[in-house]
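Some structures are shown below for you to check.
Two complexes come next, and they have one chain in common, chain A, joined by chain B in the first and chain C in the second.
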Partner chain A sequence: MRTLHLLSTEGGGFVPPSTKDFNYPPIFGNSAYATKPIFLVILSIILISIFFIMASRKAAVVPSRLQFAGESIYAFIRNDVARENIGHEFMRFVPYLFTLFSFVLANNIFGIVPLLQFPAMSRVSFPYVLALFTFIVFHSVGIRKQGIRKYLKDIMFMPGVPKAAYILLTPLELATFFIVRPLTLSLRLFANMFAGHLLLLVFILGGDHLLKGVIGLKLISPFAFAFGIGLTFFEFLVQVLQAYIFTLLTALYIAGALADEH
Partner chain B sequence: MHSINLAAEKLNPLVPQTAELIVGVIAFTLLFLVMRSKVVPMFEKAFAARTTAIQGGIEKAEKAQVEAERALRQYTEQLSKARDEAQSLREDARAQGVAIIEELRTKAQEEAARITASAHASIEAERQQAITSLRHEVGALAVELASKIVGESLDDQARASRVVDRFLDDLETSNNPTTSNSN
Partner chain C sequence: MKRDEGAAWSIFGYLLSGLLFWGGAGYFLDRWLNTRYFLLGGLLLGAGAAIYLIWLRFGRE
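Up next, the complex of A and B:
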């Protein structure tokens, strides 16, 4: 590592990518609303809306290619995520889960879309917002279904447990439902996108930097780029997986709140 | 608007940014409203239409199958009935054939008997007629012969034998009834 650093000094010192790379200055003016992540989020809802409205517009029995594509995503969330986990009341939550999945997926995939190349979900604010929505949804579902007293009682005093165990269980359960769940939900998504983007930056900026070095380093450079490209495919997998996990966990939390006993 | 000036906020990636929180809430809500009002109902409509179409198709197929089974049963029944009918017809025909042959045979026998009888009758009649005509002719011939013999004077032996010969020749030529008749 040190030799590499020494060899490349002639091309200027390599500045490894850091958290600074996730802070974009305003594109114009001095407004905090004019940053790249915010534009990406706005772009995402426009693209998602156009795609799904076009896909669902005809609602044909024999679907076109576009309708089939849109329908496949919708059917996946509706049947495999919502119906599979929530049960007979699932239809109420399909719009929310579907929005959640498509929103997270689009903003994740922006991380590998040429020119955009930034996953908006690596800005922690957006996962926080989504986790907050999920938090509100699953608690309100539980409260509405069972009444606030029974809902909280079921969380704090898990039925079928010896009384003494409540000393341990009650704080743990409360923490799980009100702190751990929203926090892990948002941080899992954020951290995956953050780390993935950082990883791509390391290999691609590193490869670029190696090109500026001596001839030996120039020869190494293609390997760095190749690895960066390989990681891009891997990132795609992670991006889809994280969108799925976020949606799946939301569905599971809703299902838990709907069930009579936790 | 909110300018980014807090260094801590800039560097700590876990600290949310107000502008992003606000945009996130609004963007997500807008997308949710679009999905709930435009996209989900349309996809559900397509699914429902597809389910109805498939169910309708299945029902139609089931109905067609029942109909086909009914038709098959009917055809089988008709076929066996037709077979029975053909069998009975064949038997009837055979019986009728036998009867017809029997009848024809009887008729033919009767006819043969009749023909034989009429032949017998006609033969008898002809014989009778021949006898009558023969008797008549023999008488006439005898008379003719006698008169000839008597008329020629019987003293000449040679002449007598000539007369007899001539008579016999005449008799021979008049064997044919027409010649005899013409004499």
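Up next, the complex of A and C:
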């Protein structure tokens, strides 16, 4: 490690990527809200809107390629996520699930789009807010459908259990439904995007640094870049998968709240 | 198959809340009473309760 360090010092010491790489200075002025992640989120909303308006504007029986792409995403969310899991009331939730999926997906994929190259969901506040929406949606759906008393009773008291066991189990049910679910939902998305971005930074910046080193290090550099490119494809899979899991779990939580018995 | 995926995540959630809640209770009991075995007991109790709950929810059908 030390020799490697000595060999590479002619280009200046290597600064490994860290959490600092996730803090962007304001683009203009000194407002904390004028940073790159915020603009990426705004850009994602604009791009998603343009994409789906274009895809649905000239709807034809024989679809254009764009219409086909838009409809495939919509059909996937409606049929495979919403209808499959929620049951006959699914249509009410399709707009929310669809918006959620395309928003998370677009922002995740920004992580590997050249020049943008930052997944906004690796800043934890964005997943927190999305999980908060899901939290409000599935609890309010359950409370409206069953009334607050029955809804809470169903969560807290599982039928067919000796009364003494409720002392053990009730706190767990409450903690799961009100704390662990929204927390894991947001942290799963955040951690995946954060780790993925960091991983790409390590290999690409590392490859770049090796290229500036002596000849021996220059020869290693292509491997680092090749790995970085391979990981970029892998990241793409993770980004799509995480957007899907976020939407799927939201649908499952809604389904659980609608069901008469948990 | 999707249900299974959902079940996997809820099982994870139950285990986590079991460990956090009863383990946390044990931890604070330890700090309050200046002992050191309630944390372990709480963690075991929490894991046991969570597994019981998982069995109730997913294993009874």
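Quick note on the criterion: the second predicted complex is superposed on the first by the 262 of 262 C-alpha atoms of A that agree within 3 Å, B and C clash if a C-alpha of one lies under 4 Å from a C-alpha of the other, contacts with A are read in each partner's own complex, and residues count from 1 in each chain.
Just so we're on the same page, a residue touches a chain if its C-beta (ideal position, glycine included) is under 8 Å from a C-beta of that chain, and two chains touch if they have at least 3 such contacts.
Just so it is clear, the structure is predicted and the values come from calculations on it, not from any experiment.
Taken together through their common chain A, the two structures put chain B and chain C side by side without a clash. Within the superposed three-chain arrangement, the count of touched residues of chain A is higher for B, of the candidates chain B and chain C. In the superposition on chain A, A:52 makes contact with chain B only, while chain C stays out of contact range.
When the two structures are aligned on the shared chain, A:169 is found in touch with chain C, with no touch to chain B. Touch criterion met: A:252 reaches chain C, while chain B stays clear of it. Of the two partner chains placed by superposition, A:218 touches none, neither chain B nor chain C. Shared-chain residue A:184: touches chain C; no touch with chain B. When the two complexes are overlaid on their common chain A, residue A:92 makes contact with neither chain B nor chain C.
Seen from the C-alpha centre of chain A, the directions to the centres of chain B and chain C diverge by 110°, a value given as a multiple of 10 for the model superposed on chain A.
Look at A:133: by the touch rule set out above, it reaches chain B but stays clear of chain C. Here the smallest spacing between CA atoms of chain B and those of chain C, following superposition, is 19 Å. Across the superposed pair, chain B and chain C touch chain A at no common residue. Of all residues in chain A, only 80, 84-85, 158, 160-161, 165, 168-169, 171-173, 175-176, 179-181, 184, 248-249, 252, 262 touch chain C in the complex they form.
Only residues 1-4, 10-21, 23-25, 27-28, 30-32, 34-36, 38-40, 42-43, 45-47, 49-50, 53 of chain B touch chain A when the two sit together in their complex. The part of chain C that touches chain A in the complex is made up of residues 2-3, 5-6, 9-10, 12-14, 16-18, 20-22, 45-46, 49-50, 52-53, 56-57, 60. Within the complex formed with chain B, the chain A residues making contact are 19-20, 22-23, 25-26, 30-33, 35, 37-38, 41-42, 44-45, 48-49, 52-53, 55-57, 59-61, 63, 67, 70-71, 74-75, 78, 94-96, 98-99, 102-103, 122-126, 128-130, 133, 187, 190, 194.
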